[in-house]
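Down below is the structure, laid out as structure tokens.
Labels for the chains are A, B, C and D, by order of writing; each one numbers its residues from 1.
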Amino acid sequence: MFQKRFILLLKTHKNVFQQRNLSADVGFIGIGNMGVRMANNLVKKGRKLKVYDVSKAAAQSVTGAHVCSTPEEAATDVDLVITMLPEGATVKKVLTADDGILKGINKNSLLIDSSTIDPLDAQELHKITKEAGIKFLDTPVSGGVIGAEAGTLTFMVGGDEGVAKKVEPYLMQMGGRIMHCGGPGAGQIAKLCNNLILGISMIGIAEGMNLGAKMGLDLNTLNNVINTSTGRCWSSDTCNPVPGIMPNVPASNNYDGGFQTKLIAKDLALAQNVAVSCGAPILLGSAAHQIFRTMAAYGYANKDFSAVYKFLQGQN
Amino acid sequence: MFQKRFILLLKTHKNVFQQRNLSADVGFIGIGNMGVRMANNLVKKGRKLKVYDVSKAAAQSVTGAHVCSTPEEAATDVDLVITMLPEGATVKKVLTADDGILKGINKNSLLIDSSTIDPLDAQELHKITKEAGIKFLDTPVSGGVIGAEAGTLTFMVGGDEGVAKKVEPYLMQMGGRIMHCGGPGAGQIAKLCNNLILGISMIGIAEGMNLGAKMGLDLNTLNNVINTSTGRCWSSDTCNPVPGIMPNVPASNNYDGGFQTKLIAKDLALAQNVAVSCGAPILLGSAAHQIFRTMAAYGYANKDFSAVYKFLQGQN
Amino acid sequence: MFQKRFILLLKTHKNVFQQRNLSADVGFIGIGNMGVRMANNLVKKGRKLKVYDVSKAAAQSVTGAHVCSTPEEAATDVDLVITMLPEGATVKKVLTADDGILKGINKNSLLIDSSTIDPLDAQELHKITKEAGIKFLDTPVSGGVIGAEAGTLTFMVGGDEGVAKKVEPYLMQMGGRIMHCGGPGAGQIAKLCNNLILGISMIGIAEGMNLGAKMGLDLNTLNNVINTSTGRCWSSDTCNPVPGIMPNVPASNNYDGGFQTKLIAKDLALAQNVAVSCGAPILLGSAAHQIFRTMAAYGYANKDFSAVYKFLQGQN
Amino acid sequence: MFQKRFILLLKTHKNVFQQRNLSADVGFIGIGNMGVRMANNLVKKGRKLKVYDVSKAAAQSVTGAHVCSTPEEAATDVDLVITMLPEGATVKKVLTADDGILKGINKNSLLIDSSTIDPLDAQELHKITKEAGIKFLDTPVSGGVIGAEAGTLTFMVGGDEGVAKKVEPYLMQMGGRIMHCGGPGAGQIAKLCNNLILGISMIGIAEGMNLGAKMGLDLNTLNNVINTSTGRCWSSDTCNPVPGIMPNVPASNNYDGGFQTKLIAKDLALAQNVAVSCGAPILLGSAAHQIFRTMAAYGYANKDFSAVYKFLQGQN
């Protein structure tokens, strides 16, 4: 109790006041595996950052950034606020809490959420920010930790195009491509639609290759056939799930790195919710979801999702 | 050349016995939707054909070909015998019947089967022909009626490479590409593996696009996102299932033409049998099979399989 | 009757304060298709009711009950408060709103929620009520509108057994059976586990019967075989999906009445969420969910879920 | 040639002659795990048996039976011939081979096939035997090795009812129940329909119980709820897949005994073929098939199929 009053005292009289007035280019909230790499890239490109994370240690891992005590502080006196958080409820809380973004953010600042969250939550964020008079975009990314590190992420953007134009210079310092997908939530929806297809086609390639292998085909030959035929897809020609077919893919690196099974399972769960909300049947998407869930139950949660090839091989 | 004129002379003046000795370049057995087009292309490229089909009318539809009364007759005194039939049991029967191919075929002739059949049946055909001292290849095609018409089929070849080299000039008169897939049955296996993946990824694209549509996305935009992302596949960038996204695809032509739902369902049934025989789980392949079966129960049997997009839209 | 007129008199002449002090046995909140029947049964058995619904007209449909203006009012001065609402978020809102249950409920009153909601939401309700010092149970029902009308519902109860004992007399006036399933949320979890199995086995019976029919079997004979064999289940021996096999089931009544397809789809969506939360793969459950979703897209949303038999028959 | 004549000489003059004329009640062909138990029961009940198996050692394992050298011999001079073989092609071969059943069987003898085979094969057997003037029934069994041992098998009978009446006394010496399912092949079809449902509902129970367990429910309680609710089925109330819930079921015996995963997978493969032949979608049946196939890839091929509960638990 004493301690708290003492801090309040400090806040009133000294450095916290100054902290709040510290101006920076970007306020970055959520310093996880993705966030730290994105934030570091912004710093490298010359942006001044204020960062916040529930874990102070995490926040401190961004080189040269000013560590803040609250989302409010990180959102104060910056041109752009970026959130990169695990789920929609967290983003909403960080936005609307007593010490949240909306308390600090300037009406001229821009706000983007690069988390992968339920599109319905994203649309609620658009509504809340609109009512608060804040310009907001949903800007989920694809490319994973590797893309975040290399600064080659793809941003899928939902919301006003004019706002998107203004945010572009920042995004291009963290990524290699920006795709404007439509209005509020469209970035999230497009990402989920893409990942739904990705999960399905990766399992498809794994099933086809495993079937060919068990029937005695040479898999390099089979993959050439597929890649020049109607079975061709990103999972066959860019991120093949069979070890040794392609270098520098997770399959050739013990399924480490890449897009973790638990993360595509999370995306497919979101897709499932969205599909229910709008009455779209996703027969294979739902089956794919369960296959990744089953894989997780067999030790593959942290492996790249292309490990479905190995899962199908079994253990006899 | 002299020999042929002489024979024609005989034909005019003499009897059916002599017809049986008529020599030609190719004996073509099985004049269905695919066969008639493939045979016509051979004739156009200057090959002399003897043809046989259970339906004499069908056989007569090949311009300029000699119509035979039995498979034996069609297989006699030709350089190459081609079979293009609906299923393995039929091919086997046409091969081994009392008036079958093996009764007529010359030891120096080549024999290829371009039907899509169970790889296990194909391997039995390899065994039977080997015992009979006949050079044989399984050479199923992809490209459908359109590819057969245009002479742009892809041949997937299983069997001896030396034999494949000899057959190549003929195949290139009916198709645009030859892929040697491996030993006996490898052509059939590779085709099924590819079509298994194709069936799965087409449904995947349809589910993703339908989900996007129900969530209000512009589908041209969504398709651009997919085609530049990890969801990209033949079904998104070459044969999109959404009407109006691409010209000259079945989806933009009321799902007519293309690869009929009943035919991919047939291929997936074959894949299922093969998968059972070798113990390869095909969780999505099996689900895809059932989805195409269900579509067939809703009037889509003769429509292109990309009509799964329309099937998912429902009828409310 | 006298009492009611007297109350109305009071209402007319006096003030809201007195209304709030009106004492009754039960406060019933949520007067939908189920709620109205359950509430009416309580009235018939002699309970005095205070009722609330967002639709005043709905609230007025309970014969002889006092219609309240807020959940708070309905929860004031009663022995038991019952909520019967469409989803967890609504129950939480009705509980915690400024004019919500917690504002009115007496510490000695009991509170039960008979809605079918996400078990994770139910567990949150247990937590909220515990902190507020209110005795709470989750008590979802099975038996549908017919069971509600007839007073034969089954209550699946989660929470303290002592509390359950006290609530029992009320439950037995609306239902025929009470099953204590375990601690907080256990009623909801058990219901979802049961309905997951139900959805799967109903589709199983429909597939088996449809297969038998297409192969020419007499379906009465086939059903006898199943009912005396290992395929026997509630969906074969109590609520058969084939029209004409059993009287008085939805299948023999144009699939009207019973358990609507959209409602089992809702339950399977909840089961899906719960399964994701605890890492339990539900491969068939998920497929069943999608089949009911697809049925809904073909006009079966308001038909009994046994109409899956008809859906499988197709439309050719 | 000489050798053969020599044998014929022996046959004419000595013991083989007598063997061929040896009269018995039943000729039993196919002495595997099931056959040996069924044959032994017939012997115990006082029937004289002639037996044949490709493995002479297997044939000799039937106590007190006369071991024959050919199916023909086993079928000669008996009242009833029974076949119990692994697949349709084998039954057909044993029937029509040069030393097959049709060569030896008397026109007044009865012939039944208790193998589980493709109904389409069974219907072909009906056709072949009809042309040969032999009375034939398809009589597949359920009950497994345990039922065969105990003499409590259920026979599902397809074909003429009059013939079925005559065969009944024999069947009741090997089993506890006879169900006449309809015309030619109906026994096989009914069995497959039942086992399709069985496979689906067993997985359903396993999914529901595993979900309940992961959510913290007591499984005895949950099973009681299910057994008194709409999820009730043979897999919940008679052969529960959770260890310890019921005594004397495979789940409580390390999943040994019972109905092996590889055998239900075989039945579901047959069901799949039949479903394709008649155009019946089996969406869950097909998924169930693949789940059992996947289980087989994880070491469960020889375990009871209720081990799907354990499979779902995973290995983390």
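In the analysis below, a residue touches a chain if its C-beta (ideal position, glycine included) is under 8 Å from a C-beta of that chain, and two chains touch if they have at least 3 such contacts.
Everything numeric in this text was worked out from a predicted model, so none of it was measured.
Looking at B-D and B-C, the interface holding more C-beta pairs in contact is that of B-D.
Set against the C-alpha centre of chain C, every other chain centre is closer than that of B. Note on chain placement: the centre of chain C and the centre of chain D lie 44 Å apart, centres being C-alpha means.
A straight line joining the Cα centres of chain B and chain C is 55 Å long. In this assembly, the C-alpha centroid of chain B lies 38 Å from the C-alpha centroid of chain D. Residues of chain D in contact with at least two other chains: 275, 279-283, 287, 291, 294, 296-297, 312, 314.
The touch graph of these protein chains is complete, with an edge between every pair of chains. If you check the complex, the residues on chain C that touch chain D are 119, 142, 154, 156, 177, 179-183, 185-186, 189-190, 192-198, 200-201, 203-205, 207-218, 221-222, 224-226, 228-236, 238-239, 271, 274-275, 278-285, 287-288, 291, 312, 314. If you check the complex, the residues on chain C that touch chain A are 265, 269, 272-273, 275-276, 279-283, 286-287, 289-291, 293-294, 296-297.
The part of chain D that touches chain A in the complex is made up of residues 287, 294, 296-299, 301, 312-316.
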